[in-house]
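As written, the chain order gives the labels A, B, C, D, E and F, with residue 1 at the start of each chain.
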Amino acid sequence: MQKIHKIASEIEKDSIISLAEKGKRLDGRGLEDFREVTIEAGVIEKAEGSAYVTLGDTKIMAGVKLEIGEPFPDTPDKGVFTVNAEFVPLASPVFEPGPPDEDAIELARVIDRGIRESEAIDLEKLCIIPGEKVWIAFIDIYILDHAGNLFDASTLGSITALLNTKMPEVKVENGEVKILDKLVSFPIRKIPVSVTFAKINDKLVVDPCIEEEHVMNARLTITMDENDNIVAMQKGGAGTLKTEDIYKAIEIAKVKTKELREKIPRGVSNG
Amino acid sequence: MQKIHKIASEIEKDSIISLAEKGKRLDGRGLEDFREVTIEAGVIEKAEGSAYVTLGDTKIMAGVKLEIGEPFPDTPDKGVFTVNAEFVPLASPVFEPGPPDEDAIELARVIDRGIRESEAIDLEKLCIIPGEKVWIAFIDIYILDHAGNLFDASTLGSITALLNTKMPEVKVENGEVKILDKLVSFPIRKIPVSVTFAKINDKLVVDPCIEEEHVMNARLTITMDENDNIVAMQKGGAGTLKTEDIYKAIEIAKVKTKELREKIPRGVSNG
Amino acid sequence: MQKIHKIASEIEKDSIISLAEKGKRLDGRGLEDFREVTIEAGVIEKAEGSAYVTLGDTKIMAGVKLEIGEPFPDTPDKGVFTVNAEFVPLASPVFEPGPPDEDAIELARVIDRGIRESEAIDLEKLCIIPGEKVWIAFIDIYILDHAGNLFDASTLGSITALLNTKMPEVKVENGEVKILDKLVSFPIRKIPVSVTFAKINDKLVVDPCIEEEHVMNARLTITMDENDNIVAMQKGGAGTLKTEDIYKAIEIAKVKTKELREKIPRGVSNG
Amino acid sequence: MKFIKHEIPQKLITEDGLRTDGRRFHELRPIKLEVGILKRADGSAYIEQGRNKIMVAVYGPRELHPRHLALPDKALLRCFYRMASFSVEDRKSPAPSRREIELSKVIREALEPAIFLERFPKTAIDVFIEVLQADGGTRCASITSAALALADAGIPMRDLVSAVAVGKVDGHIVLDINDLEDKYGEGDMPTAMMPRKKEVTLIQLDGQWSIEEFKQGFELALKGCEQIYQLQREALKKRYIEIREQAAKEMGENAENT
Amino acid sequence: MKFIKHEIPQKLITEDGLRTDGRRFHELRPIKLEVGILKRADGSAYIEQGRNKIMVAVYGPRELHPRHLALPDKALLRCFYRMASFSVEDRKSPAPSRREIELSKVIREALEPAIFLERFPKTAIDVFIEVLQADGGTRCASITSAALALADAGIPMRDLVSAVAVGKVDGHIVLDINDLEDKYGEGDMPTAMMPRKKEVTLIQLDGQWSIEEFKQGFELALKGCEQIYQLQREALKKRYIEIREQAAKEMGENAENT
Amino acid sequence: MKFIKHEIPQKLITEDGLRTDGRRFHELRPIKLEVGILKRADGSAYIEQGRNKIMVAVYGPRELHPRHLALPDKALLRCFYRMASFSVEDRKSPAPSRREIELSKVIREALEPAIFLERFPKTAIDVFIEVLQADGGTRCASITSAALALADAGIPMRDLVSAVAVGKVDGHIVLDINDLEDKYGEGDMPTAMMPRKKEVTLIQLDGQWSIEEFKQGFELALKGCEQIYQLQREALKKRYIEIREQAAKEMGENAENT
């Protein structure tokens, strides 16, 4: 069965490459087109925030859980967040049970960088008692069906889950933290969005599907904030990029991040 | 050597099955007979409680260690106990060094359920300072020779070790816990006992030996307290049970748990 | 490639053995000679203490990091130190990434024993607030090039790094530890040094190189303080030693430890 | 949401014999079953039962590494039950807990009797279960859903497996307990059966049950499994229709393209 | 029992030259050796030495996974020394400590010279040691017991291995130190030897020993090993008699059954 | 030394346009490169760049365990970037951090395009990187050094790989940022290229960069890589001379011995 799969993918490989040369793709998209995107917020009631994203056949679920804990010693007046990605074996024949591997860690760290470097979360607002108690947000991304471009799906899922997150107001009395009934929105002030490219021979394609990822030479992810600042960039894959590839990718990302940002459902702001 | 072993066990398999059909067993027991049981309490002086159990050739050692620690947040006025089973490679050619595998975890959790659901331990009596300090009991079961039916041997060992456990009286002074010299018994108020069945073709046999476990379709463990309440039940194995199997097993367990309970050496109660 | 290596080493083995019989060695040394030793202190500025040791082609780096932490409950007025050895895969084709294996653990524990049993560190001087705050010293040994006799190179590296360690003075105010600007020397009062022997057929050789370690029957490490006390001893390897081997090794160690101790650069003492 | 204060209910059963979610004693929660929802898996299914949301994927029969794990005479069935970190009130660490390891084992043993493993010697059949939200009775909902995913993967089966938990709640024996009833009730008895063969493939129990209560609960569980079985059949039927329609559509498209 | 208050003894040696447990300097603790106590293992032995209680099982020669670990020219000897969680005052975590890993290694290297490993190429011989209660000198008691378990497994040996620790206690060199002497004494020197060949297979040392003290201690250790060797021989003899009797009995039973 | 109090600089750039270590914007730190410094490794290199001290060893092409990891058509390149526990102010635990795992991956992908892996099917080429002291820009210094170690191991390469990070510091785009600039600056962009082919093999970025700033920084990085490349060539040349001299010397010695 695996052998057949192998031969099929050799043929597929040639076909993807020759299509790309003609500016075409397997599923009929243009080189700069995204697959269909759906973003659903708040699907997991037990989470403080959540989002289910589909990008073509790729499906991911992002959830946010909050806890009260200690700040880092060097940032005593700031809350903490961590991003974790789980490549559960549900999602792909090549994923295996176990702790995150290098791909899952790279994904999580690139998503983290987009959020952190854009200063998307107002971490000062997560401080409860400076140096002692702050809110800690755990952003967990579960890959459910891996049909390519986990980076962009996960960035969308994470930021949507954060926009959707509700946290209780707290009061400090005699050094003790009291959790109140009133829920407020999580303090989000920027919406980083990423666009990922695959280099196939000498063409750049946007939002690669899994078959394209199998044949690409290199990958480039560019994350931008709403002011067209580049806040994260990550080259992947065993191939190379040319200077003009990178410049061209930035121009495309500038347009596409805006389009994707429009699709994100916004939480009701805490007025 | 393994091949010979394999063939031998095929012959043995047929022989066990055809014997069971005739109401007989390899070692001459009747279908509802236990092997010889010996239970020795207090064999490990360094443990707070201990018991050494043999069930035919099966040998296990259970030990209890106590520590003072924090209660769970949702039960601030209760002590804590955990059950852990170690399938040390001493006991069987198929056990390997390493953390507990699924069999060891299942065993520990079924033993735990019997103790917990029967409310055998008076957890309130293990509370020292509500929300802050409670006694934590670690019940560790070491399998030393695996000749079948670890469940019943381990249940007997655990409850005997608990009955045999001594703890110091404590005094709270200015929020500090002071350990006194006087030793008292661990607060046990119920004695859960389990009976395990193997289904071999369409026969139920009690207390399966290892050879029977190799050929059984399914396993059923029933744990009862002294009031004939069922407090834990666990089906195991890749086969099925019929409704009448389960009902019949319960009737047998009702009788056998009483017989086994008689064999448990009782600690001197703390009057 | 491995096969060639294997054959080569068979020839080498014979040659090492027959040389040893004649009182000679592969690299021209006498049976009781050390290879050239260089010891450089303070090479890692970010460490509180460090040393780089070469012993022939063997290269190791030892570093000391300090932290303030809690003492052990049974020694509330003493600081803490730990020794850890990392056999990083840089150093040898047979080292693999991962947590320390039995060889790395044995090495670390023998080095630890030499320091601990000689009472080289004045642990009382590492106490800041009895029972609450003490200095904790992490001594980490990185093997960079494994050309034999890691024991002696690592003992030299560890004690040199400790002699080279600087720690800040501290002041306790209202139960809080305040770190002052003034740096003082780490309190070292003894200098344990080890000498390692390989038994090759019936000869003892000092400071075995890696090729000799491959053919030796047994290994013996003897650590002595400056008063000729034996403070640690460790036999290794799958062979045996005779009583006279051990007695002879002690006599040689008595001489060699003095010679090696002379080569250790001393830190400026804290006057 | 952890921070919405849930009052612990004074009574789990009202004077009118209604449960916390308004159900009668012998009533199932609303159940939604979908088959074939994942693209990469060989078979898949999704279940919502109350607020449970569980996804199951099946891969196999397939090659197995390391090879010495392979069985000479049948497929190796492996089962991984995992809870997403955000599926419960307090974040669950992604490392498998002892509970998840035990449940993976009993779920596997509940499914195994229904599968013709002997037709695929030396291979592995892997069942991956991801609990996205947990609301009581997840092991049973997982089994119900996994049986559909196995069927969707085209793995030949003797029978489906249908599962449901009964509980002892304020002294009453009730069907399909929810999270609150699980936490504050007096007993839980997860049960699975092969519905056509009437054979039990899972039975576990906690709490304190008299023999009479046990029998009452067990018979209720078997009835519940029957109801679940009907829902499973409908979900499979729906999936077959979808596949047929899709195949027809693809044939049409292919005809167009040529 | 952790909570029985042990006074730390003011003196480890009385004015009359007696030790905390009443022994003289050159006296062993009471030792009980049993061979062949486990059913599943290929060989086994149990030792009580003072309050030490240690069980040893041997499996092998047997196949080895993964295969690339196998040695082409001899058996791979593996050794696992572990302490039960309840074997010491403060509960020991079941995960192997660095101490257990080091001791496993030195015990293996103490046993290895005595075994004809070259007769079983490509196989594994596994020695599993479980310390059920620890009372000082466990590594030596483990070696003494493991040598018997290897013999019980029928593994051909050049010699037995006998082991004992000497210590430096209140300035005196004493044989077979117990827990208190280990903790509060000034030095510990575990030693093992092949008794007929007079070759040392284990020597370790901690504390501060002058060269003279070392020699005195080392010679005492060798004498102690001789005594242990006699006890090992008796235990093996007892086991052979048992086996003979059992074989005779089984032959009788078989005759009856036919 | 953690306990020397480092004042956080008010300004990272002086009014005269000088950086914390006195450099101009487009200036590299002092770089020292040594090739072939380890005896056991097949190839090795050492780099000091500012206070960075990094050792790299290459082993391979060599056999690979377990075998099923081997690739049928090329060598498997593996890369392990690790920081010594004492390489940073606060002791780093020896267990690999998520950062080390990500960096190992991007370093591997930065080196891979330069190696003729297809010439060594079914083997492994292992690159081990040990950061003995870290001072900002370690991943780039590691790549620079690893390329030399690969060459030293005689592994055929399409090109070297040269790497350097640029940063955004107090609004300025500067070359080869140090630890302080990394921590307190506004952005970091590590870049690697194959210098003769002008192809980019690594690009990462954090901070907030306008598109214009990005372009300015990226072009500066490429220029920096060119400079690094010249230093790499010199280091290799020095190594070849050493080898030649050593070979000549050994031939002389051999002649003497015969």
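Here, a contact is a pair of C-beta atoms (placed from the backbone, for glycine too) under 8 Å apart; a residue touches a chain by one contact, two chains touch by 3 or more.
Please read these numbers as outputs of a predicted model, since none were measured by experiment.
J.: When every step has to jump to a touching chain, what is the lowest number of steps that links chain A to chain B?
T.: Shortest path length, in steps: 2.
J.: Taking C-F as the reference interface, which entry in B-D, A-D or A-F shares over half of its contact pairs by residue number?
T.: That interface is repeated by A-D.
J.: What is the chain whose Cα centre is as far as it gets from that of chain F?
T.: Relative to chain F, the chain with the farthest C-alpha centre is B.
J.: By mean C-alpha position, what chain is farthest away from chain C?
T.: Looking at centroid distances, D is the chain farthest away.
J.: Quick check: how many Å separate the C-alpha centres of chain C and chain E?
T.: The answer is 29 Å.
J.: Provide the C-alpha centroid distance between chain D and chain F, rounded to the nearest whole angstrom.
T.: 51
J.: For chain C and chain D, let me know how many angstrom lie between their CA-based centres, rounded off.
T.: So the centre of chain C lies 58 Å away from the centre of chain D.
J.: Name the residues of chain D that each touch 2 or more other chains.
T.: Chain D, residues with two or more chain partners: 66.
J.: Quick one: in the complex, what on chain F touches chain A?
T.: The contact residues of chain F facing chain A are 98-99, 101-102, 104-106, 109, 112-113, 187, 189, 194, 197-211, 214-215, 218, 222.
J.: Applying the document's contact rule, which stretches of chain D touch chain A when the two form their complex?
T.: Residue positions touching the partner: 1-5, 38-41, 44, 51, 53, 55-57, 59, 62-63, 80, 82, 84-91, 94-96, 126, 128, 130, 132-134.
J.: If you look only at chain C, which of its residues touch chain F in the complex?
T.: 1-2, 43-48, 50, 57, 59, 61, 63-67, 84, 86, 88-93, 97, 99, 138, 140, 142, 144-147, 166-168, 179, 181, 183, 210
J.: Could you please specify the touching residues of chain B with respect to chain D in the complex?
T.: Going through chain B, the ones touching chain D are 100, 102-103, 105-106, 108-109, 113, 116-118, 220, 225, 228-243, 246-247, 250, 254.
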